[in-house]
């Protein structure tokens, strides 16, 4: 396989290159988390006709920095009756799992931290690793609310993995590959070649457009559930469970949960971008194409979906646990089966 | 999705350990400092005991030690969301005892301000209910509108939340000159927002799923518990003291009593309670508009009342339709300038007693919604 | 206080570096105050109004948290009864250091209207918690609470971090001397 | 089956309606008033703080005649007034509005941590000395800073003066007693 990492091309395959490659996503993640936290505060404020943070720098733009400085200084409480090793480990597992997802995300045609050809599978596998941290945190806190939150989170994420896996299966069928770069390359050209519009091919795909649309919506809904965002934020639903699984966490450990949540938001947005919206491809053929612009397109597309998640959060009420299961098993799953069949037919017809 | 029957059959066969969960008093969604001792079977509520008294502020003890006008600030603090409504039955009762007839203008202002405060109260009720269900944005839209009502009150009385405005024999002060225009403007914006909230929250499918068929209170049980106010009306009984026993000048106005009719679920569920409150806001707007049309601009706002108010020996029970139900004051006077006793019949307290009946057999997440739909104020429950 | 205790300046370095770091740390703490979502009585309604669009407490970097572990300060918004007092103290003890308290309204300041005949009312929350800022009013205007918040932020900005223990020990000693 | 599809459709559709409303608000002008920069008295529009807003009390000591009616009207007893009676020939200066005064007000304390801002005292005051102002910015780090002694604040009587009038009154009392005893 041809090497797609510009770092290797520049300084060769040595340990410095590996260090740079593994650190680049971390730098990106930190920068992104700050922007996303500010975005969450500001967008929620504007939706509610408020201003949001205003008194930290011009228009409050360095508010997230202040948050980080503050969280660093907070006392790190471990409850007396908690299971200490598990309690301390949980946030790190959660963060590590979401950071591991960044290993295969292709930011550009010239840069992907690890160009394995099982990218989609890896994302699916690592994405469900975070639950362990969540359950650990909920259980080890020795708090009834945390326990309920942790249990709910596991039930929720496990059930929503299945519709999400169906979607990813469909994409694997349509692209004939699990390699993320390959999937993106197949969607090159104009925006109608994206998988959300049925992928490249003849006019026959117009008949199948609704199915690919529904598939996209199913994945968006499932991704909301996987990142515990409203309307599926019951694991940390304030009005019922105080703060859910992270009720007992304070200081930096809470910040890790916080960071992991935002990192997860980006990962699912990146997956949506990759499998449905053409990854780093420019929507307009060769216009503003190329590897450098690729980063721009990829990040801005992903940010649109991060914005969508924030937007939904400040619009919708929260579902109940049994209704959540209903949506997953009785709505999303049958629909995804039907769409899977239809899109497989499309692949055969092509 | 959430029929009560289904849960009963499914879980009564399984014998499992019950969990006791103490919810509150510092839980974010207990609407103040209420403690609920919940017995859970998995996620199903099997029993519920409300523990009150975390905000017991000794109202009756204070009433024994104060002169009649001095009690009014404490009455404000009973149901601190609808202070104007609280003051109304008390001053009406005293005026009846003293045989004082207040002027037309005072009656009009009292009605208009009571109805405005009713709107403000229902706004908070629906807003915090939305907050319980996870929708944060309607809360802020309603609070934005409520700010206008508070401004009108502040311009008239000087207080933003606790007014001390209805006095025995009149009002503390005359209304401000731009009073009519302000209220017309406020009503216009309240109606706009209400239309928005209807689409954003009340008609939302997720919201309907959360509230329809949840916390059903049948009419007969509601009556046997003595429940009043929007909760009783949501159960299908059109009892409103403004119509049933008109006080002040309510019989002059034309308005309807919205009742719950189970549009999306069963009669008397959480959704009905909210839609009744929602429609009452519109009725209040109608009353205010009619009152503004015939508002007498001339007139004195204060009758001649002796500086030391001494009630004749005797007792009186005076009541009015508060946003939360029937608020009554039972005043016993022994001829001095201080009452011998003032007993409060607080609607929230009575409505809260029906909570265990409403919430048995529903899920823990529903409990939060049911409590929110009862719309209690702890200041009034504990007094 | 977590990191702060370890930074407790064992060598006695003073001056520009530590001063600047102290400034930065204080800046972070003062600009990012997460408060506990916790209401008691009448003032809680006004406190909710401060969060609403017209006043917008988030302008000061205040984000509501419902878990006391994650909150930086608590606003005692209303009457504290004797039954509630030990609950309140426990909530306060669950908060992580550094933590602050704003007493909002007359009831929290001194028992307010209930100070005389209120047999069940705590006469001032400073009997059980260390209060940092007293906001008068019954209930205070939203702007008055915001002013109290600005005072709190000012106080946090002026705090000493590195030589705190030493200074406190000295103060203690001085107090003891005075006492004798 | 029909209900199932209708439910799914409604779920998506009502969510879309909600999203349209919130995105509409995203681009609307916000209503926030930035308090320390904009004072509530001069907010734009009709929602600014009225001049009759009930906030901190103010006592004009030149107008107060020490009649104690505000303290009696106060439901929470947060006003405490101490007066010294004047001896004949040494009356305090008359009120600024012209009335006569025969009490020295040596202490006029209002405890704003107790005050419930009900405005009953201003109603009871015969001379209009005690009024409610629009001043609300007086939060403090210390609870005892909120106890205002208006005699000290306005310097209407110095400590020496208070001691002097008290002494005079005591002497006067003594003399009176003597007079009462002597005629026997």
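Every chain is named by a letter (A, B, C and D) in the order it is written, and numbering of its residues begins at 1.
By our rule, a contact is a pair of C-beta atoms (placed from the backbone, for glycine too) under 8 Å apart; a residue touches a chain by one contact, two chains touch by 3 or more.
Remember, it's a predicted structure, so these values are computed and weren't measured experimentally.
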item	value
Pair exhibiting more inter-chain C-beta contacts, A-C or A-B	A-C
Most distant chain from chain D by Cα centroid	A
Computed distance of Cα centres, chain C from chain A, in Å	37
Whole-Å separation of chain centres (CA-atom averages), chain A against chain B	44
Separation of chain A from chain D, taking each centre as the mean of its C-alpha atoms, in whole Å	56
Chain B-chain D separation of Cα centroids, rounded to whole Å	30
Residues of chain A whose C-beta touches two or more other chains	45, 47-51, 54, 238, 242, 314-316
Multi-partner residues of chain D (each touching 2 or more other chains)	11, 15, 18, 21-22, 25, 30-32, 34, 47, 49, 53, 75, 116-117
Residues within chain B bordering two or more other chains	28, 73-74, 137, 140-141, 144, 147, 160, 162, 200-201, 204, 206
Category of the chain touch graph - line, ring, star, complete, other	complete
Interface residues, chain D side, partner chain C - complex	30-36, 40, 47, 49, 53, 55-56, 75-77, 111-117, 136-143, 145-146
Residues of chain D that touch chain A when the two form their complex	8, 11-12, 15, 18-19, 21-23, 25-32, 34
Residues on chain C engaged by chain A in the complex (per definition of touch)	1-4, 24-25, 27-29, 31-32, 37, 53, 56, 58-61, 63, 65-67, 69-70, 72, 96-98
Chain B-touching residues of chain C, taken from the complex the two chains share	37-42, 44-46, 48-49, 51-54, 66, 68, 78-79, 81, 83-84, 87-88, 91, 113-114, 116-121, 138-139, 141
List of chain B residues in touch with chain C within their complex	25-26, 28, 32-33, 53-58, 61-62, 65, 73-74, 77, 80-81, 124, 139-141, 143-144, 146-147, 150, 160-162, 378-379
